[in-house]
Amino acid sequence: MTTRVGVVTFPGSLDDRDAQRAVKLAGGEPVALWHGDKDLHQVDAVILPGGFSYGDYLRCGAIARFSPVMETIIDQARAGLPVLGICNGFQVLCESHLLPGALTRNDHLHFICRDQRLRVENAATAWTADYTAGQEITVPLKNGEGGYVADERTLDELEAEGRVVFRYLGGNPNGSRRDIAGITNEAGNVVGLMPHPEHAVEALTGPTIDGLGFFTSALRKLVA
Amino acid sequence: MSLDTVKHAADTPEAPQPWAELGLKRDEYDRVREILGRRPTGAELAMYSVMWSEHCSYKSSKVHLRQFGDKAPHSDALLVGIGEQAGVVDVGRGIAVTFKIESHNHPSYVEPYQGAATGIGGIVRDIIAMGARPVAVMDPLRFGAADHPDTRRVLPGVVAGIGGYGNCLGLPNIGGEVVFDPCYQGNPLVNALCVGVMKHEDIHLAKAAGAGNKVILYGARTGGDGIGGASILASESFDSTKPSKRPAVQVGDPFQEKLLIECTLEVFAEGLVTGIQDLGAAGLSCATSELASNGSGGMRVELDTVPLRDSSLSPEEILMSESQERMCAVVEPANVDRFLEICAKWDVIATVIGEVTDGDRLEIFWHGEQIVDVPPRTVAHEGPVYDRPQARPAWLDALRADDPAALPRPADDAELRAQVLALVSSPNQASKAWITAQYDRYVLGNTVLAQPEDSGMIRVDEESGLGVAIATDGNGRYAKLDPYAGAQLALAEAYRNVAATGATPLAVTDCLNFGSPEDPSVMWQFAEATRGLADACLTLGTPVTGGNVSLYNQTGEAAIHPTPVVGVLGVIDDVARRTPMAFREAGQLLYLLGDTADEFGGSAWSQVVHGHLGGLPPKVDLERERLLGEILVSASRDGMIDAAHDLSDGGLVQAVAESCLKGGQGARLVVPDGLDAFTFLFSESTGRAVVAVPRGEEVRFTDMCAARGLPAARVGVIDGDAIEVQGAFTLPLDELREAHERTLPALFA
Amino acid sequence: MLKPEILDPQGQAVQRALPRLGFEGVSDVRQGKRFELEVADPVDEAALERVREMARTFLANTVIEDFHVRIEEVEAAR
Amino acid sequence: MLKPEILDPQGQAVQRALPRLGFEGVSDVRQGKRFELEVADPVDEAALERVREMARTFLANTVIEDFHVRIEEVEAAR
């Protein structure tokens, strides 16, 4: 039986099809989930994709966070369901308080799209098991509000508990505190990051295929 | 004053009307009266005045644009030709592609962010109205001098607006242009191109056939935006108690547009639509009259059912409003419920505002009273047509006589090297990364090539790898020297850019940006350019499928350079065989394809080094372009080249610099026999490209060129970490990169 | 704030979300920007005029936005 | 408004630009959001509390932002 990975579409989601393609290339079965439907249709994991849910009006992810599907996801995530939030999805996870901190306007005030080098700091989460700690990968980054902020105590806690999953290399692209590109919750099942692994799964269209590991990690973990 | 009904208009033939303030000429107003057999109502006057404006009726350009149809080369690939919102091209495997370019110049000067954003919004709606899913956008831009203070206001706003809207819609930006020239100071050009993909059977045309079918307006509520000056006059003269402030600026809502795209594609997919039309310029006036006119002719609209954002709007204003993110569909009664259901799913407001009738009149009612009763064709398609006087400009001979041959050339190798650095760091030739980094090029996951490349390339079929490539080009300096040749050079360059990536050019869209048509010398430029483009399209076998005209780009007496921007679309059966521009592997040999002559009229060198514009632009040789294109496509198909970059402004050295920087590899260049280093590096002769040939493929490649009669000179090798022109100078890549990349951030960051 | 006649997509999105979150009875929402400028000296009429000028030429885009300037004591600012 | 300890790049960019435009003497600029909610009924304490709740849970992200709520008569609103 193949592993079913749900990809949520909110009004304004953009990279939902890309996330589905990445799941398929990794050998899983993508399942489209609709924001207005509370039912997760027996998926084994969920991806909150990139985009501009509700136009990113108010704050990125703020309106999407209150959608019916998120109610279920928040419950299930607390119970251990693997959840990956990419870019806008990361913002939704922070707004939902599944992950601490918040994402703010890039310090240079521009939207930025570039190929970004990252270091995998934690290879023990549900979504990074196929990497090794310290490994460097390059995947696209594209956002206008990607600056990760949290108070010092939270930052120290994240560091101490090894919950910083990715750090920017080769220049901080947005003013994120401590070069943080992605984090996880205490249990390691919920991961959020600003860069886009789903855009680095095919040599033809991505700068690398370094992103594939996210999706194979989750599948392997679930099958095991 | 009370409602100006049809009956009231018939009863008060002598009531004064503000036709002049609305932009109509005396004889145009008289024609409206003649058509109707009475004076128009206020609402009718509003409709005629916007629909007969230059922008909507193409009244000055129509007689010239006809050539694109009359001289169109035969093409089996053309499924829908010129005349619809956008042409449709068959790319094989049952897939069709539609693409079009449009201008949003003036609004972007007034309010750069919103002007540019709504420019993207408008062109995207054109594409969805054809039934296609938009898959990419491009943005050819022109600004005033790079260091002018107002450019600091306009450029960052325009770029943020294009990014803000396009990124939020989820459309990758795959290319465009950025050109600076003082002639665009008060008239920046913001052109936007969108490309969409559909199945052959899904092509939808804008028409309202079938009496009883419902007319549904869906999308944003109608507000008072974009009515501008006309509305102030209209509402003041029709009813002076109304608040007269109507914003000329339209604000875009990309989120609403994203919903509109998904919702529209879903109603198409379920076959619920008989006819469809986007609301752009002239809003409901345009949509209702064009839908009716393209159908059987009759339509009845209850204007008071239109959902409003501002309840104080008068019927005239509702008809003229250019509120964004709206569409109009014609739907069979049996499908209406399902249509509304899908709209509700996407949170899109949808309202039945009328129906198709079996008459031949467009009738509009306001709270039960008739305020419009017109033959729709007379509004939409039978506007005035002018063959305006043309005169070859008096200054042209002097300009052409000012030959760049007289300009001093570099005296020694040190000066040559300095001029290369000056060229690659000049605003027009410098890296555009500061701009393009603000655009998402990855979304949708099908972008195979994006900036900086010769063309953008998108995969349209994941199974087979079928793809399309698009490039846009235009050189106002060339066109100023010779508009006929200038338009052809724009086409030739875009064609060459598409071929350089390995795609076969198929079709053309164009945006003709000119000054005032009432100036005979501008009109002459326009006539020359359209004639040149039509002739060249015929020779190259690439029909014009659609486009846009933007006139009155003029400050006082001074018009912009004539600026025809040409977009070429090509097809490639497997995107895995694309040819990128980066030099990637040391040891590969570099060949210069084509002939290099001493041609510097309108060149980047003459502009950067001497601030000069004069002489004649480089010679056009379309047969050569076609041959070069064939060689580039064959070489890509047979794996004979690893990189290709077309030569255009800045010449060979600019192209080599870009390919080296992109690939992180240096190059050793040798000046071929019969050329001096200066001409070799800077000449802008057309029909040329530089290619990198892998070791072992040289013989096969050069034999092919020789057999087909294309000159191919070995000019160097990929090697090291500098550009070295043997016997002249060496330029380390680091120094080159710094010079190339610092310019725009220094000006605008 | 955006002028009343200008479309405010952000405010609209917020307004549409409110009933879903259980907040009824809000008939319109408009979203704008708020700037807090800290100036050391007591704010006299001349200083205020300079701030207004700043708002007119720089902080607000008067093509589409209105603004108003208000003085707050530091304690009251938050 | 962003909490004082959170970096405000927009406010900073504004502050840095001011001297270039000839406006001196502004020691700090912070940029935040302003919402105007229109409610029909007279705003009593219960209604105000609902608005505060709305701000706390939705309009502001209290992880990084502070807010305050103020009543304005419609005429005074602009």
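To keep things simple, chains are lettered A, B, C and D as they appear, and every chain counts its residues starting from 1.
The working rule: contacts are C-beta pairs under 8 Å (C-beta built on N, C-alpha and C of every residue); 3 or more make two chains touch, one makes a residue touch a chain.
Everything numeric in this text was worked out from a predicted model, so none of it was measured.
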**Asked** So which has more C-beta pairs touching, B-C or A-B?
**Response** A-B
**Fill in**
Whole-angstrom distance, CA centroid of chain B to CA centroid of chain C, is 37
**Prompt:** If you average the CA atoms of chain B and of chain D, how far apart do the two points sit, in angstrom?
**Reply:** 41
**Asked** How many Å are there between the centre of chain A and the centre of chain D, using C-alpha atoms for each centre?
**Response** 30
**Message:** Which positions in chain C are in touch with at least two other chains?
**Reply:** 9, 13-14, 17, 21, 31
**Message:** Give the residues of chain B touching no fewer than two other chains, as numbers and ranges.
**Reply:** 253, 255-256, 347
**Request:** Mind pulling the residue numbers of chain A that touch at least two other chains?
**Result:** 54-55, 57-58, 66, 108
**Message:** With touch defined as at the top, which chains are paired up in contact here?
**Reply:** A-B, A-C, A-D, B-C, C-D
**Asked** Can you name the residues of chain C that touch chain D in the complex?
**Response** 1, 4, 11, 14, 17-18, 21, 23, 25-41, 47, 50, 53-54, 57-59, 66, 68, 78
**Message:** Taking the touch rule as given, give the residues of chain A at its contact with chain B in the complex, in rising order.
**Reply:** 11-12, 14-15, 17-18, 21, 50-52, 54-57, 108, 110-114, 140, 142, 144, 196, 198-199, 202, 204-206
**Item:** Complex contacts: residues of chain D adjacent to chain A
**Value:** 2, 5-7, 9-10, 13, 58-59, 61, 63-64
**Fill in**
Contacts from chain A onto chain D in the complex sit at residues 58-59, 62, 66, 94-95, 100-102, 104-109, 147, 149-151, 175
**Asked** Which positions of chain C touch chain A when the two form their complex?
**Response** 9-10, 13-14, 17, 20-21, 31
